[in-house]
Structures are given as C-alpha cells and as structure tokens.
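In what follows, subunit A forms one complex with subunit B and a second complex with subunit C.
Let's turn to the complex of A and B:
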C-alpha cells in the first residue's frame, strides 16, 4: 500500500521535474537532452524551501524569518489582549520618529524623536560591537556594563568636571573611555591568560566590584544632593549636542553616531582583511587548531578582550556623557546585557549589529509613546525583543532543517532521475517509472 | 547578639539559596549543557511562586495566618522554574542552538515576561497599579537547646525554614549525582556522551532532564530570595544571583561539596563585610566599599584555584551521534 503511494509520488515529482525542464527560466528541453545526466538536478522544493535554502542569503533571510515569526506571535497576543497589533507597531515607529505622529507638542517634531532614537542607538551599537568581537574570538564578554560604567565614570571625573574647552574635551572623553574599557577588558583577558579564570566569572565579579567602587566614589565625592546622582558633566564634554534647535524643533545631535557606524564598518574590514582579525576568528573557531597553526592563542585572547573592552568603553562614554549626563550610583545599566542580545540578533556580524541596533533601539524608544497611546504596557517592547531572540536562537536549527529538507528533495529528485533515465516528457516518464518498479 | 552570630546567620541565609541554584547549575553543566539561564530561571520560578502565594492571600484560599501558601509556593516555584527551563532544554537539546546564546535569551525573556505579566496581572486581576507581588517575610526559627552552644549555636538560631529544605535537597541531589544510575548518566553525558550512547542511553533525554532539574532548583532558590531579602516579587529579583551561582559552581570545579564551600565563603564574606562596616561606625557609603570584599576575594581565590579547574569535557557541545 505504502509502496504504491511512494510510486505515485515519485512519478508525480518526476513529471513535475520533466515539465519544469521546459520552463524557459531553467533552460529548454533541448539543452537538457544534450547535456544528459551531467545537468544539475531539477529539485522539487516548495516556496518556503526555495526562499530559505539559498545559503548566500541565509544570513539575512533567517533573521528576517525570526523577526516575522515573533511579530506574528506578539500580534496574536496583542489581539487576545484586545488591542490592534497593527496600530501598536505603528505607534512604536511613530514614537521612535520613523513615522510622523499625528500631533506634536510645541517645539517638538518628528526630528526630535528620531534624534532621540539615534542618541540611544549610538551606545547600543558600540556595545553590540564589543560583544561581537569577543564572540568572534570565542569569548563571552558579559562585563560590558561594568566596562561602560568605569569608562563613563573616569571620563566624567577627569574631563566632565574640568573646564576644558569642547575641542579638547570631546576627543579626550573618547580616549579615556577607550583606555578605561580596554584596561578592564585586558584585565579579564589577563586573568584568563595567566590564571585560567573563566572569562564569564571574571567579568561578573568585576561587574560587581566596579559597580560598588564607582558607587562609593560618587557618593563620597561627586554626589548631587538633590538628584542623588553624580553631578552633571559640563556641556563641553558631552558627546551629544542636546536641545539644539534645528528647523524650529528641539533635537539632540549624537556626535558619535557617524563614528559608531564607521567603527562597525572598520571592524568588519578588520575581521575580514587583516591578519590579527583572521587570528581572532581562528582562535574563536578552534583554539587548538589555531595553536597548532602557530597563532599565539593567549596573546590573541588578551588582544580580543582589550578590543572588546575598548568598544565597551566607547559605549560607556556615549551613554553616560551622551544619552545621560550623570551616573546613578550603585546601578549597572541593562544596556550591557541587552547589547548581548543585539549582537546575537545581528549574527555576531559587525554590519548585522547596525541593523539589529536600529531595531532594538526603535522598540526601546518607541515604547513610551506606544504605552501612552495604546495603553499596552511598554514592557511589551522587551517581550518583542525576547521573542525575536528566541526564534533567532533557533536559527542553527532552521538552517539544519532546511539543509536536511533540501537534501531529501535532492535525493528524491536523483532517485527519480535515476529510475527514469535521461530526458523524455510526461508519458514516457510514467512508463519508465513503472518499469523501474518491476526491478 | 554578637557580631559573629550575625555573620553566621546572615551568611547562611545568603549562601544556601545560592547553593541550591548552583546545584541545579551543576546538574545542567555536568550533563553538558552550559546554563547561563539560571538568572532567568530563578526569576521566573519566583514569579510563579509569588503569584501563587499572592493569590492565596488575595482570594482567601487559606486561613489568614496560615503558612501553607509559603510552603506550597516553593513547589509552585520549582514547577515554574522547570517549565521555563523547558525552553532552554528544547533550544539546546533539540533545536541545536548555541547554549550561551540560549541562556542569554532566556534571561532577557524572563525579565521581560515577568515584568510585563506582573503589571498586567496586577492591573486586570488584582486591580492595582503595582508592579510587584507583596509577600510576607518568612518566619525565622530557633532550635531551643542547640542554639545555646557558643559560636556554632548561631547555625541553629534565627534561620529561615527554607534553609532546612535546602540542606535536605543538598543531601538528596548529592546522592542522586554521585550514587545513582541517573547521576552516572548525567556525568557521562557531559564527559563522554558517545560512551553513554553506546551503552544504550539516550543522551538527549538525560540532558533534557538535567536542565529541568536545574530549572526547578533555580526556581526554589529564587523563591528563597523573594521570601528573605525582598519580601515581595518584582523586577528587583534579578540582582545577579544566578550569575553568582554560576561563578560559585565554576569555583567549585563543577562538584557539589566544593561548590557548597564556595557558597559559604561567599555568604560569610558578604555578611562579614557588612558587619565590619556596622562595627566601625563609618559613613554608610563605605558600605559600598565593603561590598566589594566578597567579589574581590572570590576573584583572588579563583586565581589560586583555577589552574586545576576542569570543565566537563563536552560542555557546550551539541551531541552528534556521528561524531567520534
């Protein structure tokens, strides 16, 4: 019975294969007859497989698939809760400044929202790049938050509270941020290199140590008694030009936005085209193989962590001296942990991180407006992020399944072709398949 | 009460919940699954338990001063943690996800979900704008005679009921891991899954169960924090104790008793430091400096002990039958 069934399906597939060879897009029947068996097999795949089995596009198609699936899941949830999911997503975009809101308060416009989003985007991208490079090197930098805090703190203390002019202060802030971050990252790398301390544990411990140490110094020396935060840094040292009037609306111009994009491109170049970048990737892919090929693994680990720390430092200064202008004592920013998610969503790829940072910050900054308009708690933004990540964590599975289905389809086609012999149109194929069954 | 007594009492109250989370982590990691998700699992478990206990009070399921909701909430928390761990297990065992990624994803998802659900449930079910479930603080018990022993008596003084539960779990899970067939399977799944497979045991099933155990134990640990340091459930529960438990278990070389020692060290360092600040009568900001002590101490000790640390051999690897 099942034998019969299989025979039928195989003949159907083969007929379709034969027909598809008549398709002008895949070449004429004559071509096929001339080349005979050496012609690449015509594989029968459904639309889904066809869309996602192209490996060259999987880096983008699979994240898009996970975003789509999670948006559908969230839409269903929103629908059950009684809000129109479409409107919710629109208000997210409006709140983040990608689409015009219907009404604006005086002095504010779409540009204000957009500049806010870009201001939040800048530290997120830096932090995501910090995670990305560590990840490519086979390391997991979970201490981004701590590295951000110490670099933001040192930059505030050294430059932010000094009277330096803007032209000196702003580059100095960036340098101090990078140096402080690289020092902490380097320490984690050193502890791993010298004492074999797992970098995850060392990062977690350093996160706490830095959090409490910075909190102590702020409370003793730099506390603003009213806001219970550190004193506000000088305008000259800020990496954002806040409350600037552009075209009649207030905007805050993130000065590091372009720098962040450039760093992402540079990092991509670094990983792809330079020797050190190659070594980092080699160590990340297989530590032992890298060692046998003559790469100094421990030194590479140290360098990777320093680079990651430096990027986290940039995130720190563009966060504490940009997105904010003071530091809350005793708290680590959740951005350091969210950036791990952002980097993973971007496939641990520097350019992917740009796209995912845009997505995540849009959800973050648009959330407040969405909540005020739709009455849906803004925590849903995080939930959307979580869902997207959940599905993109399965991307290895998707890839594996798609490859498997593709293999099966190929095998079926090959089987059919083998039993059918070369060439021929519909009826002939029917006959030859039946002949094949007799064997 | 003397300072030493307080150090012991507070230290145990921190160390034991940390231990139960770490034991869960040991099960997961000994079976070969990296579990960075402990933080999220303990939060979700505590959320489930707190929701249950809160509803008990709100809907008068039990007598007003009954302790039954508290004890039952630990069971609910364990179930909730295990339920959430199913995601980690599915992702890591079945969906071949990167285990580190999966752990991070679960932490983020847990923070988002519990935050969203807490305020949503408060709004719709309990008609309050609160973003937390208020609980009581667990009662403290003292054993009459034993508590009179000098110094050591502190162990029997003013302890939380869940500390006893955790000590029982410690013995039970130590026995399971080192003295039962299932324990051997778990350890083999992490060290040599091919051998386990050759012996006719399904590796993926062992790993799945181990991850569920880690979820249940993390849920219990989270509930302990909700009933001791917080006396409510809110987003504040994600204080990083899950990560600390991971640090403890790596410090303890993925073995239960050394991990117990690591947790004790950590708890006592923490309570000792805060007692020191009290005794010296210095500015409370110095308390922050004292809080560094346990973490710095751990880092320094790790520098001495990490040389011989050995992770389970196939930790983090997706089990592939065809690989040798």
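Let's turn to the complex of A and C:
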C-alpha cells in the first residue's frame, strides 16, 4: 500500500531557515533517519576499509575478497588434515592443465588437461550468464538445471540420433538448445506475467517435472541397456571434437568455447548499450520506478526469463552434447545450481562470470589429479569447491558488513567534528547501506 | 487544576533536524485521565513531539517530566517501563501470529513442561486477553490470526497490546486515518471508555471533527511551534482550523496573473480504487487550461495522490474519463501518455521518480532513452547520455560528485529532486503534474521549484500541483481545488478563496 511509504513530512519554517547559514543547494533533509550530509568529513578508516569500501571497485574487490577468505579457510582446513595447502593448490592447477605436471601418461599432455578444463568451462559460463541476466532483471532463475536437461534431451533426440551431417547438425543443436531453454524460461516468465507466480517456485517445480518427464522418455525409448544412460549421440552432432591429435597428444576441442566467450562479451554489450538491456536493468533495480518511466514491467520480465532460458539451453547442449555425450536418466546436473554461486562470485557481471567460471571449473577438473597426487580423499576436492562457492555467496554479506563499518567510522568522524575535533578537508563522503543483494 | 494531576509535562522542548526545526520551544502539561489532542497540518511537528515522549527521538533542548519526575527516555522500552505506549499509524504486528501471540510477544509466559522443557503457555494469555477485550468492548478474538482481520480490528489489537502491558498513557498517532466513518465512531467510543478507566489518552490527528467529539483539551501546532492550548468544549472547530493553518510569512514570488488558454486536461467523474478495492477518489471532475496552475489542497490521504497517479497512467481508472487536449487517454499506457505530453514529478522521489542504483545520466534520460539521439536501432549512445546529462546538470544546477556518472543514491535529496524536475521539465509536456514537489527541501530549493512552476505556466503549460502545504498552494495556484475524503469539495479561483476558507474545506468542516 503506497500510503505506508508515505512518511510524515516536515515543512519548513521560513523565518528560521532564512536566518540559518545553510547552503541552499546542499542543505536538505529528506528522511529523518537519513540525514543529508552537507559538510565534508575527515574519516578515519583503516587500510582494509579504504581498500574495499570504494563502490566503484567493489565489482572486482568483493569477489577477490571472497576468494581470499575462502583460500585462507581452506588452507587452515588442509593444514589441520596434514597436507601442505600450497602443494594442494599447485596440483589443482596442474590437474586442470594451467601448469605442467611432472609426468604425463602416453599420448597425453598439458594440452589434454587444458582442453578438458575448457570443455567443462563452456557450459558453466553459459549457465552463469543465464543466472546473471536473470539477476540483473531482478529475477532468480533457479531452474537452470531443468532448462539444461530439456535442451540437451531435445537436441539429442532430434539431432543426436539422426544422421545429419556435422555442418547441419551442430548449428541445429545450438538452435534447438536455445529454443527449448527459451520456451521453458518463457513459460516461467509467463506464469509470472499472467498469474504473478513467483519465478523461484515455478522454476523449482518445473525442474522436477522436466527431470521425471525426460527420465521417462529416456527409459522407454532411448536407453542404452549397458550404460543405463541415454544412447550416445552422433559425433556429427557433438559440440566438441573428441580425442583429436594435436602436437602428438589427445585433446578434445570445445567448439563453443569461443562462442561462450563471445556471448559473455555480447551480453555485457547488451546490458550496457542496448535499449532492452537498459529496460531489463531498470526493472531489476526498481520495478515501480521502471513502470513510472513507461517501461512495460511484466513484459520485460517475460523477455528476461526467455533470454535467461535460452542461455541455459546453450549450457545444456554444450554439457550433454559436449562435456558428455549422453544423459543419465532421473538426474539433474549440479552444474545448474553451482552456476548460481558462480554468477554471484562474478558479481552478476557477464565479464566477471568468465573469471569465476574459470576458477570453478579449474577446481572441478583439477580435483581428480589433486586427490591422486596428495593422497587426500575425493570429498576434500569437492569441499574446496564448496567452500569457495559458499564464501562467494557471502559476498552480499561482505558488502553489507563493509558498508556498516564505514558508517560507524563516519559516525565517529561526525561526532569528532561536532565536538570540535579535526575535520573539514576530506573528500565528501557518500553514505549508503546495501542491505541485501539480488533477492 | 492542581499540579499533582499533571502526568506528563514538557518544558521548552526543541528538536531540530538538518535544515528544519521540527519542534520549537514547546511547553505543555497533560493531566491524568484526560483526552489530550494534538492538531496541526502535516509536518507541524505533532508526531515528532510524541515520538520524543515515546523515546524514539531525544529532544535537543528541554526537559520531559513524567509523574513529577524528570526523565530521559532514550528508547521505547524505557517509555513502556514508564507506562507510556503508542499505537503507530502503521501497525507493528506479526501477520501470521494470533492476536494473543502478538500481544505477549517479547513477554511470553514460559512454563516448564514436566519441570524441564520450556514452552509458551498461551492458555492464560488467551483468557486474559479475552477478559480485557470484553472489559473495554473491543470485540477481539484472541485466537484469530492477524492477517485474517480487517484494519480496524488490527488497531484494536494494538490497543489491547498497550492495555495488556498496563500502560497508563496511551498515544494514538492518526488512529482514524485508515478507518471508515462507522469504525471511527466505534474507536472514539473505545477511547472514551479508556478515559473512564483512568487512562490518559494522547491523540494525534489533523481531523478537527474528532477532536471536537472526544478530546478535553487540544494543543495546536503549526510549523513546529505551539500556537495554542485550548479547551475543546469552549472552542469552535472554525477557530481551531484557522489557528491550525496559521498565518505564516509567505515568501513572495513574483507572479503575474494567469492568462489561461484552451483546456488541456479534462477529468470527468473520475473514480479510482486502491488495491483493496476501496474507492479512493469519487466522481472527481475538473479542468486545467494552458497557462494555469491548478492546485489540489487537502489533508494527506484525501485521494489527491491517487488522482495524480491515475492521470499519469500509473494506476487504473475504475470509472470516468481523462482527456488530454480533447483526446481520451483514460486507458492509455504510461509511455504513450509521456509522448503525448504528460510529465510527472511523483510524490515518492526515491522509490518511484528515480532508480537510485542507476547513474545520474541514466536517470536523467529515463523518459527519453528510447528515442533519438539516445537510442538508434535499439542501440544506446552513451555520448548522447553524457552530453544531455552534462547540459542538465549545468542548467539546473544539480550538485553531484562525479558529474553525469554519479551514482544517484549518493546524491542529497534536494539534488535528487532537482534531477527529477530537470528531466520532467525537459519533456516539454503540455501537462505537468507536480506532487509534493518541495517536500523535505530547504528554502532555496523550495523557491527555485515554485518559481520554475510559474515559469512553466507562463510558457503555456497546464500545471497540476498536489501539495499538503497550504502555503505552497497559496503561493503559486491560479485555481484551487480542495479534496476531502476522495471528493472534490470545492473548485474556485485562488484569489476568491481565503486561507481560512481553504482550511475549512480541507478539514471537511465546510461544504460547498
């Protein structure tokens, strides 16, 4: 009810103010809780606050802080378990192909590991971008996994089991993936548009529906009796060139890797430089203000969900017809959920998603080698990934905590100034508290 | 009355907020067992004064005495310990709890099951609440859930909460604002019963009728100053109304007589309902000509804001029609209205007028980003945004730390408002709607915006001003329409209405 937004306001006593020395341009008062600041303040902040409270750099400084904190926590944990954390991190990088292992098996090399990492990277980036665009539009698409599954399934059924040639099959796979994802995303958006159904609830429920429906069709029609998975798709339809010999070692070339990077850059351009991008961000930042400025809010929500779904569809085909070549019935991939944390770690920024996707897939693919080299249990590798994701999800908390400490520093400065202390030459300080992050 | 009867005394209370004195040297006494009302326009300082008694603010100067002792009330908890309770305008209830659960929240009676496991025993609470409810005729079932209850019942739950905590001094902040006439008379009965029981009641309201009905004495505040404390029985509402609107020094603004042109906006029989299905405006009709400032006066919640929203296309019209230069725009979306020449400075500048997390340049272009030069073939041209923002920042003197790239959230309220005014004036609209355009601003900004309104009028635009401040309306209006309880009671040229007359219509004392 808009009545509740309305605060009792204060009118101005003309005589009083005319006598006071207020600068007419800056001395204003809006809400009583939040006093407009008109005097510059000298604020004592330690190096930590100084480094992290600058809002202009927070898009990069906060994720770095998250990673740093998680690395410290992981190091302590590994230390307690008797492993040298530094060696563990090195073996992660070796396993993922970023640095040379001491020894390779015949026919394999650093390039094999790296290509494997990039193959895993591709769907992760697409999925993180799908989460990112929804976030920016003020929506939470938690149904990435379901959208990936239906896209991968339809692409497998329509193209993967057909005899189409590679030139037709590969673009067709991408198109079908996008269309299927956009359809599911659009359905969620439509439910919100038409019936105001919360997109989180709708996408979770659709996850279940898609998971069991796809499982049914695979088990009835497309099951490989030996592997108990769906039948393997044709090489022509795959978005990866598996086991290709390059420089004497086997690599799998992810054909969509470049595409994924391009899509990330394109998405950044889209959000920053296009009309629709402006509208999506406006709806995401403040629906009432967006409506006021003439944006059709619910239609924009529908479009945002379709775009998010289309990106999830690309993730689906590059996962089920790239990283894998078949579908396990009755399972949703955890990648769809990890991508939410990956997007958060990238600060809901398309270019940030590139960096965070590299980090997460490195941990994922380097984990196997790390286990065997360090003699730690398999679960530890997953724990490391889990901790990074956990701390990345805390970035909103970090941001809030930093804003709070900064406010306290500012209060102290204001009190000092009021009691005749030093002050008056520092830069003008802006106060803002960000209570929460994207929903 | 002897001094022993005084339960609350305020001595020389002054409270300042940046740029404004909310309470200026106020001294008064409230006696045990009376109904004491505070009357005044919005922003007169009634709520601030009582918030200090309830410990939400501390006075900058002056003393508060309760039951003959000087007290420093630094939090609502301390106020409650002194037997002071407050029913806020917006209730503070947990929606999915029962009535009784809300009432005991924070002081739950804990029993130990088998002497071990602690649990909240609601049975005695339900009984106690039922007894209290019957004693004061409140008709509240302690076991019903808050969200199932109508507003008037929720308010009675708040009253029960105070009674359960054995409050002796009960403060009601605008208790009738959201009630129907029948509910109001029921509430006033309850208030009388509370007085019979020896409670001291403090009533904050701007409705003189109610004061006349129940209050014993009444303090009138205007612009933070205590104008008078009157015995209600011997004073007329007309007298109170004239004191309430007061006679303030009005800053003179050069204003030539209007030269009205053809009709720009025509509103006929407009009825708007809110999301609860209640009609907030009823059959409102008026016309605004080119080169005319039409100001709607009225106390808060008279339907004037909803009317402005409906004209701008932000809320749907139930019945009636809105015509812009003869064209029916009743069912038009917001964007086409903007393009046809409606600009709007909304009441809530931070939640509606601006996207605080956007850059200033994005906000300045938020009503034109979709057309050239800002956008061509769906691609935005940031150079155009920059240039446009730089131009507006210079011409409208918007102070911001990083120019066009300033984060809007970091700007002061006055400069945020300047940004909105700049954007809306630049729309070059036939009709400009200003809702509370100077609320919370300092005098320099207020005068600048009032002058701007007159300037735009002189360019031949039609201007609809909605303001809660009579001073503002009298300073700029060519025609005044007074709304009361959703109806347009009176429309007349500004020079044919006195301040007192407008005040009487605003309070619903006088009818056309």
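By our rule, the second predicted complex is superposed on the first by the 327 of 439 C-alpha atoms of A that agree within 3 Å, B and C clash if a C-alpha of one lies under 4 Å from a C-alpha of the other, contacts with A are read in each partner's own complex, and residues count from 1 in each chain.
In the analysis below, contacts are C-beta pairs under 8 Å (C-beta built on N, C-alpha and C of every residue); 3 or more make two chains touch, one makes a residue touch a chain.
Keep in mind that what you see is a predicted model, and the values were worked out from it rather than measured.
**Student:** Answer with first, second, both or neither: which of subunit B and subunit C does A:296 touch in the superposed model?
**Tutor:** After superposing on A, A:296 lies in contact with subunit C but is clear of subunit B.
**Student:** In this superposition, which partner touches a larger number of subunit A residues, subunit B or subunit C?
**Tutor:** C
**Student:** Just checking: does A:288 make contact with subunit B only, subunit C only, both, or neither of them? Give me first, second, both or neither.
**Tutor:** second
**Student:** Of the two partner chains, subunit B (first) and subunit C (second), which one does A:213 touch, if any: first, second, both, or neither?
**Tutor:** first
**Student:** Could you look at A:76 and tell me whether it touches subunit B, subunit C, both or neither (first, second, both, neither)?
**Tutor:** Neither partner.
**Student:** Considering only the touch criterion stated at the top, classify A:100 as touching first (subunit B), second (subunit C), both, or neither.
**Tutor:** neither
**Student:** Could you look at A:403 and tell me whether it touches subunit B, subunit C, both or neither (first, second, both, neither)?
**Tutor:** neither
**Student:** What part of subunit A is shared between its subunit B contacts and its subunit C contacts?
**Tutor:** Of subunit A, no residue contacts subunit B in one complex and subunit C in the other.
**Student:** Note which residues of subunit B are touching subunit A in the complex, please.
**Tutor:** Subunit B reaches subunit A through residues 36, 87, 91, 94-98, 100-102, 104-105, 107-109, 111-113, 115-116, 119-120, 240, 243-244, 246-247, 250-251, 283, 285-286, 288-289, 291-292, 295-296, 298-299, 302-304, 306-307, 309.
**Student:** What part of subunit A is in contact with subunit C in the complex they form?
**Tutor:** 1-6, 8-18, 20, 22-32, 35-38, 55, 272-278, 281-282, 285-286, 288-296, 428, 430, 432
**Student:** Quick one: which bits of subunit A touch subunit B in the complex? Just the residue numbers, please.
**Tutor:** Answer in residue numbers: 81, 140, 142, 191, 195-198, 200-202, 204-209, 212-213, 215-216, 219-220, 329-330, 337-338, 340-341, 344, 377, 379-380, 382-383, 385-387, 389-390, 393-394, 396-397, 400.
**Student:** Which positions of subunit C touch subunit A when the two form their complex?
**Tutor:** Per the stated touch rule, the residues are 17-22, 24, 41-45, 47-48, 89-90, 177-178, 223-225, 248-251, 274-276, 300-301, 305, 312, 314, 333-335, 337-338, 344, 346-348, 350-358, 362, 366-367, 369-370, 375, 378-380, 382, 397, 399, 401, 407, 409-410, 412-416, 436, 439-446, 448, 468-469, 471.
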